[in-house]
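Read through the structure below, which is laid out as structure tokens, and then see the notes.
A, B and C label the chains in the order they appear, each numbered from 1.
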Amino acid sequence: MRPILSIATTTVGEAIRRRVLLIILLIGLLFMFVAPGLGVLSARSETTVLRGMMLGIIQLTSAVIAIVLTVYMIPNEIERRTIYTILSKPVQRWQFLLGKYLGAVLALGLMMALMSVVLIVVFILQPGGTRDFALIADLLKAPAMYFVQMSLLAAVAIFFSTFVAPLVNFFLAGGMFLLGSLFNPFFQTLQENPNTPAGAKLFAGLVNTILPNFANYNVQNPIINPTQVIQNEGRYYIEVTMYGVIYIGILLVIGILVFDRREV
Amino acid sequence: MKRSGASTLLAVIAVLLIAQGALQRAVVFPFWSKNYNSSGGKVNSAMDPQQMLFALLGFRELLAGILWVRADAFFDTGNYDAILPLIRLVTILDPQEIDVYATGMWHIGYNFTDEEQRSDRRYIPSALALGKEGAEKNPDTYEMFFETGWMWWHKVDDDYDKSVHWFKESQKRADILPARKDILVQALQRDGKVEEALDTLFRLQDDGIARRERDPSHGADQTLNTVVSNLDSTLVRMVQRGLIAEEQGRPITGYDVSPPFDVGFSAKVTVLEPMVLRVEGTWNVLPVGTRVRFILRDIDYPHAIPGGMVWDFSDDVNLDPPRDKTYMMDQLFVKNRRFNRKVDMSKDPTMYPFTSDKYLLEFYYNPRSAPAHIQDKFGWNGEGMTDKNYLNTDVRKGQKVVYCSFEVTRDQLLRHGEWQDKVPLIKTPNFVERKGSYQGKDEVTLDIPSLRGGGATAPSPKTPVTPKPGRPLTMPGN
Amino acid sequence: MAAAIETKQLTKSYKSRVAGKINVVDNLDLHVEEGEIFGFLGPNGAGKTTTIKMLLGIIYPSSGEGYVLGKEIGDMEVHKIISYLPERPYYYEHMTGPEILRFYGSLFGISDEAKFQGLLEKVNLHRDTTKTIAQYSKGMQQRIGLAQSLINDPRLLFLDEPTGGLDPIAHREIRDLILGFRDEGRTVFISSHELSEVELICDRVAIIDKGVIGRQGKLTELLKGGRIEITVGGVEESLLKGLNLLDTNIRTIPTGFLLDVPEEQDPNSVIDAVRAKGGKIVSVVPRKKRLEDLFVETVTNKPAIGVPS
């Protein structure tokens, strides 16, 4: 366990100093600060648009960070040859991969926490800002779910990084994220359409079963537009987190199997 | 890794795969699609992160298209608030989407209404600014110029020089449909520029003849027929309303417009309940078609002018009009020389926030907006109209309008404070109370004796009207 | 003495679409004694790093076997008592020297600050504890590398091009450190193509080229076979040919002839014989065999100048 934690903390230290990540984060934060100024987009729906935009910025920034952070993680270690100094010590490959992954998730968590703080600050400081802390707590449900989502995305990227080049991985993981984000609604449309052929339904069902469904974590709609009360929402959060953890487990185990056989 | 270890791991993977699949299909997905899916129409969001990603990747037009489809769904469900940001985004992403500009403008101008279908006038400047922006971004086609002109013409229904400007601009564009050219003539007439309207009609007639020679289709024929018919009636009206006589230096007495007719305006406003008004009054014009504008607004409403607003005070498309201000505008329909309307503003707190202390009640009548059969008496510019008490030539330079205003307080409107038990009653000094309601049971039946005549006095509602010969109470009926 | 490293027909092959199967390391038989400094020499791409990676279990042999400190390669136990310093590694740049040592120490479960301090002193970095790796010079980076490789008191160190890219002073510092390792009883396996360095510190060497070992043995033995060059004037070539000078090589030079006499032959007999024929001895220069000669010989499969194969 000790080597895993050491590798994880070192990875965090490295990640939070990577310029490209900091730039992405900075752009995200900048957008969050200027978002309330985009008055053209807000109508009488008051903070609806602001909420939607802010959460969107957090999600998008986190996704880009998650991918950029993880696709280069293993290749960088190999290129800098630090992986050899580590693997020649009594460190198993699975420990190395797990440590790297945990480090990525921790770094992501830190950056997302920072964005969430900015989210709160902007909401309190904006003109006519809220002091309603129940509302703020409600707002924070989305970033919390995004964190699970991004952890899953990081697992996808780190899984691919055990056997493809970073650039390919960037598009693979990014594509997977888009697909996984869009498939749920698509699948629902298919299912609700009585004209869908049975074969297509079956196939779509299969894909929906196998695909990492990132859309599961897109819980922002009722938060942006608090018009409906959702029963058992807490339970859903637990279930969907479980789903994420299981899926991350699958990706990491396969990743370890591949990485174990890989010549670095 | 040892082979046995690997096969254990493979088994673990298989179990986990089944577990996640089951969780996804049995638990997560049904819950998600019920509560969180945005395409279900139950909820809305401005823009999904995925859509934002598309935008960032440069698929602006594609995204604009997707958003517009989405906005369409909101139209279906009546979720109008959700459409505004989408419209703004689409126009920003793809300024060549004329349909979005046009629809957006119409949506902003017409769709925000209260429970009694009164438009939210606070949005009109936004609609006009959007139209202007659309025209500027698409200067090669007539459409946005025409649409903006239409908004001035139909929705503002007051500053006709603005609609004339925009309709003229639209006619400069080659792609304007011939049938859409006539409206400029109407706007010119309402703007008091009858001569120019006539010139335009002659020009349109020449154009129409030339067009029919090139293309002897049914459409060309019809368009020309309309122009000829409009030209015909305009000439007749110019004669009837004494314009030709005036031009030729002949006295215009004997025409309908002379001497001016006193409309005998009086009004009374009662605050029945908080934010519920009863507006009553007299308007001594018998034929239907009179609509008196009734406004209740913050006394310091930004850019307000008597009887209206500087509607194009800003070129910024501000979709967030003064939310804490009130601007209510309604039309009082005159029937049997009286108007009587209940104005209920209590159901729409977002439209009528009533946060200020002082308000202004306004009555405004501009004869330029009157239908042709009333203008036959009043003339294009109100030459044939007068009012003993409230005729006003200041609030609209060079025009004769009827205008009167009262200051009221928030306490009166909300029935707060000292007004909790007293019923606020505001009226013009000349308002004469009638017992009971005239509607239905107490209607006054009138004969219409003559086509010609001078001014009239408001009849006492109690006494049956017995007009003297040659002195008609009102204008010719329709 | 037990073998620190022993390989038998260790082979690593890759499949290439163009060239088919390529043996990067081909039936390698290595033998490294414990306590010695072993030089593993070869040109770039000869298979040196591949061999080390196989010995460390980072890549897997295609065939053959290998043992490190008595354990089969890939055994995690052995990782506790060996260490590896790759060629010019880039450590985590944001860390300071002590942080690097703490990190690598934690991989062994070592958190002995006194030990880290001692190691920093040993590599002369104890005065730069606040500098990050990004601020280190190349020599300092290599020294912190050596320090990290000593964290677990390894019995066997693999050093891949330890002096590559360093200036002469840094060379010397590293060289002294490595010699110190031997004095501490550690086995050092150095892969290098800088022969002058290796010649100065190694006990035994192996020369590898295209995955095959050309020479292997004690440096003193491999470098046997130096020669003596005797320049001769004032004598006919035919007369010299008639002298029957055994292994002596005769070349014509502008001032006369150059006689290349093997070290083990007595040069006096040659000198005497030349003189007897009336020749004049211009100069006698002993030429010691150097590692470079041996290397070139092995790699080009041709004798170095003047040395018969």
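In the analysis below, a residue touches a chain if its C-beta (ideal position, glycine included) is under 8 Å from a C-beta of that chain, and two chains touch if they have at least 3 such contacts.
From a predicted model like this one, the values you see are computed outputs, not experimental measurements.
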{"item": "Chain centroid nearest the full-protein CA centroid", "value": "A"}
{"item": "Farthest-lying chain, centroid of Cα atoms versus that of chain B", "value": "C"}
{"item": "Chain A-chain C separation of Cα centroids, rounded to whole Å", "value": "49"}
{"item": "Whole-Å gap between the CA centroids of chain B and chain C", "value": "93"}
{"item": "Set of chain B residues in contact with two or more other chains", "value": "none"}
{"item": "Residues of chain A touching chain C in the complex", "value": "2-3, 5-7, 10, 13-14, 17, 80-82, 84-92, 263-264"}
{"item": "Complex contacts: residues of chain B adjacent to chain A", "value": "1, 6, 9-10, 12-13, 16-17, 19-21, 23-25, 27-29, 31-33, 35-40, 42-50, 52-53, 56, 81-82, 84-85, 88-89, 92, 317-320, 323, 350"}
{"item": "Contact set on chain A toward chain B in their complex", "value": "39-45, 48-49, 52-53, 55-57, 59-60, 63, 178, 181-182, 184-185, 187-189, 205, 208-210, 213, 215-216, 218-222, 224-225, 227-228, 230, 232-233, 236, 239-240, 242-243, 246-247, 249-250, 253-254, 256-257, 260-261"}
{"item": "Of all residues in chain C, those that touch chain A in their complex", "value": "53, 56-60, 76-77, 79-80, 82-92, 94-95, 103-104, 106-109, 145, 148-149, 152, 158"}
